[in-house]
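Starting off with a structure, shown below.
So that you can tell them apart, the chains are marked A, B and C in the order they are listed, and the count of residues begins at 1 in each.
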Amino acid sequence: MSIQAAQDVSTSYSQPSGRKGKFFTAKRIGTPILIVVALSALLLFLYTRGEPDSIEGFALNWEYQLARIDEHIRISITAALLVAAIAIPLGIIASRTKSRFVRGFITSFANVGQATPAIGVIILLALIIGIGWTTAIIALVLYGMLPVLRNTMAGLAQVDPFVVESAKGMGMTPLQILFRIELPLAVPVILAGFRTTLVFSVGVATIATFINAGGLGETIVVGLKLSRPAVLLTGAVVVSCIALLMDWLAGLIEDVLRPKGV
Amino acid sequence: MPKSNNTSGASIELLNVTKQYPNQDQAAVENFSMKINPGELIMLVGPSGCGKTTTMKMINRIIEPTSGSITIDGEDVLSLDQNTLRRRIGYVIQQIGLFPHMTIAENVSVVPKLLGWSKEKTAARVEELLSVVELDPKTFLNRYPKQLSGGQQQRVGVARALAADPPVMLMDEPFGATDPITREKLQAEFLRLQESIGKTIVFVTHDFDEAIKLGDRIAVLGPKSKIEQFDTPARILANPASEYVSSFIGEGAALKRLALLLVGNTKMGAASKANAKAGSVSVSDNLREALDRIVLAGGNTIGVQDATGATVGSLSIEQISEALGADVSALGK
Amino acid sequence: MLGKYDLSTIWQFMLDRVEEITELTLEHIGVVLLSLAFASIIGVGIGLLVWNKPISRSFAVASTGVILTVPSMALLAMMIPVFGLGWVPTVIALSLYSLLPIVRNTVVGLREVSPAVMESATGMGMSKFRVLMQIQFPIAWPVILTGLRVATQLAVGIAAIAAYVAGPGLGEYIFKGLSMLGAIHALNFALVGTLLIVLIALTFDAIFILITRYTTSKGIRA
């Protein structure tokens, strides 16, 4: 039953765009427009309200913001790439085991992982290993593994067994089949998982501020603690735009990397 | 096929009905006109794409006609509320479409419930119908569609369409999705059913033999549902109106005609031991079977027995072909 | 840091704070249930309205998807200038997040009903509304329930962050653990908070699976 649950959750959450070849969909065009509109509104709001006071000035300047943005993007992308490097091979190995026990174990583990709050993972790790950038990365990688791991397994599972059989019949070695047939066919699903992880990472990296890893979360918390709504909103809007941007870029990559004819 | 004496059917008239889809330059159905008498079983036969299903589906407005008029018992179909109309028409489609989340009993009860029948009346009707389609009510009432075989599902589909006792039935290849053996059984049962209830039925099929077996009248349709010939099976077989119709009939038209004629209705010869050497057929068999037996046994004649087994006459090849009004040597053309 | 920690203290730790823990647990469950109630009504409602209208449908799915993409901390933060702190921004944010799985699954479930079933229902004279409620909805029910299940898991996890906007629930313990960095009980607080949240999520999941089983017609149970 929990295997079915995990499948339900993963397919419902990290689904490939399935747009069937349409490059210009509403979301594809709408998202950049939304980002531009949101950022313009923010800038308009900030410029028309007059000079920031001394406290706000600390955060509401280009230097500060760009530094936070840079930190944030660095963490998110590093974590996502690490996740890909670890979780995809792991997923391949996992999908190869005939043992139902191993598969069940991984799925149960994934289920529990899904149920664990990101903030909990981060803070627990921080309490054990210490605060800082490294801890944040480890937390992000641990937490972000699930979508990619699950989708790698699901993606490989949904490859038509008859296709694999005919490849075998042609004399391809298992490794050749993996790299030339199975992985390419599983790419849409795997990429959908990667996309989820990327968006997760941006979101969780926001929380990383609590353990001194920097990022735009800091802007938000500063705004909250010092009761400066302008700062709060700036952090929130900018990080949202980054998340949307990442999602949009990942969607583009998905479409580009999808093998023709799938 | 014998028409029933008690008919609960309505008359249907289609006048210059056309269906034009906006994104196509040819009409799907063009100027289709037909008058159907109460209690008739009309077969619409034609190749795929000729529009026969579209024509049928315009009668209950699943597809809306672009122009033309359709009346049932004089009432203009297009002026009625769609749902009211459809609750008075039994509808059986090829893919059956049983509701998977309902039991068989619930499936069959749908239209009666829509019409507000009482629980008792509905339950009684459901049991009656299941028996009619030869599904034991006790076993099947509470089963779900996924537990039934294809043939059984098809029967439930027919029972469901009959539930509210509609005067008109529309059937689109209802026996199409079954194997030949099941299909033959279903066709035989269906005929028996129609004999006792006599509804007006428009039946779509691409199988000409099915059309001959079941229909009172057959409409052979060409592209855009153009009516190439609209007549009884016997007359179409005897006098195909065009090459097109002949190609439908295929080989052995005369033999097919023989299948429509009963031994009991044919002028027979005297009963004698000599004539019965090759064996006997019953008065209720058809002439094709009789010819088949004669050919198998060799010789020229076969005996004829009545229901009690008493020999009442004999049949020779000449008498068989006389019944056809054709020459034996022309058989098998 | 770990050297100073003794796992056996956790049981006593919990016993000492039974009332508080119970209260926070109930708060956590409560805020999730409340948000889910709102999200279900709104989400399923939207799904029922747009499932067969392509433009509205893709707009609904896309916009609820955009909400889900926004980092939870950011969404919660954006609520504050308008709604303040505490329960209100939390419930609103959780409800908004839960919309996507519910809307998408409702739409997908309704659309996946076989065309043959739809046609025979229409052909029998059922009005479009009847077909939607008596045929499509029951058949789509398991898929819709899955959407609710996913939404619940999301909400349980995100509710943990709500503590930083003074929201209800076990997140408070997690943040307490953080603020007590270095103290003896820091890890206990964070661990108890996290583990209980995991437990709540898994329990909800199990309940949903049972509900799915018992409310799905036998005819469509896989």
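Some points to look at:
What we mean here is this: contacts are C-beta pairs under 8 Å (C-beta built on N, C-alpha and C of every residue); 3 or more make two chains touch, one makes a residue touch a chain.
Quick caveat, the model's predicted, so the values are computed rather than measured.
Relative to the centroid of every protein C-alpha atom shown, the closest chain centre, again from C-alpha atoms, is found for C. With every chain reduced to the mean of its CA atoms, the largest distance from subunit B is reached by A. Rounded to whole angstrom, the centroid-to-centroid distance between subunit B and subunit C, based on C-alpha atoms, equals 55 Å. Note on chain placement: the centre of subunit A and the centre of subunit C lie 19 Å apart, centres being C-alpha means.
Put simply, the C-alpha centre of subunit A and that of subunit B have 61 angstrom between them. Those residues of subunit A that touch subunit C in the shared complex are 1, 5, 8-9, 12-13, 25-27, 30-31, 34, 111-112, 114-121, 123-124, 126-131, 199, 202-204, 206-207, 210-211, 217, 220-221, 223-224, 229, 232-233, 235-237, 239-240, 243-244, 247.
Of all residues in subunit B, only 60, 62, 82-89, 91, 93, 95-103, 110-111, 114, 144-146, 157, 160, 170 touch subunit C in the complex they form. Across the interface of their complex, subunit A is touched by residues 1-2, 58-59, 62, 65-66, 69-75, 77-78, 80-81, 101, 104-105, 146-147, 149-150, 153, 156-161, 164-165, 171, 174-175, 177-178, 181, 186-187, 190-191, 193-194, 197-198, 201-202, 205, 209 of subunit C. Taken in their complex, subunit C has these residues touching subunit B: 114-127, 130, 135, 138-139, 217-220.
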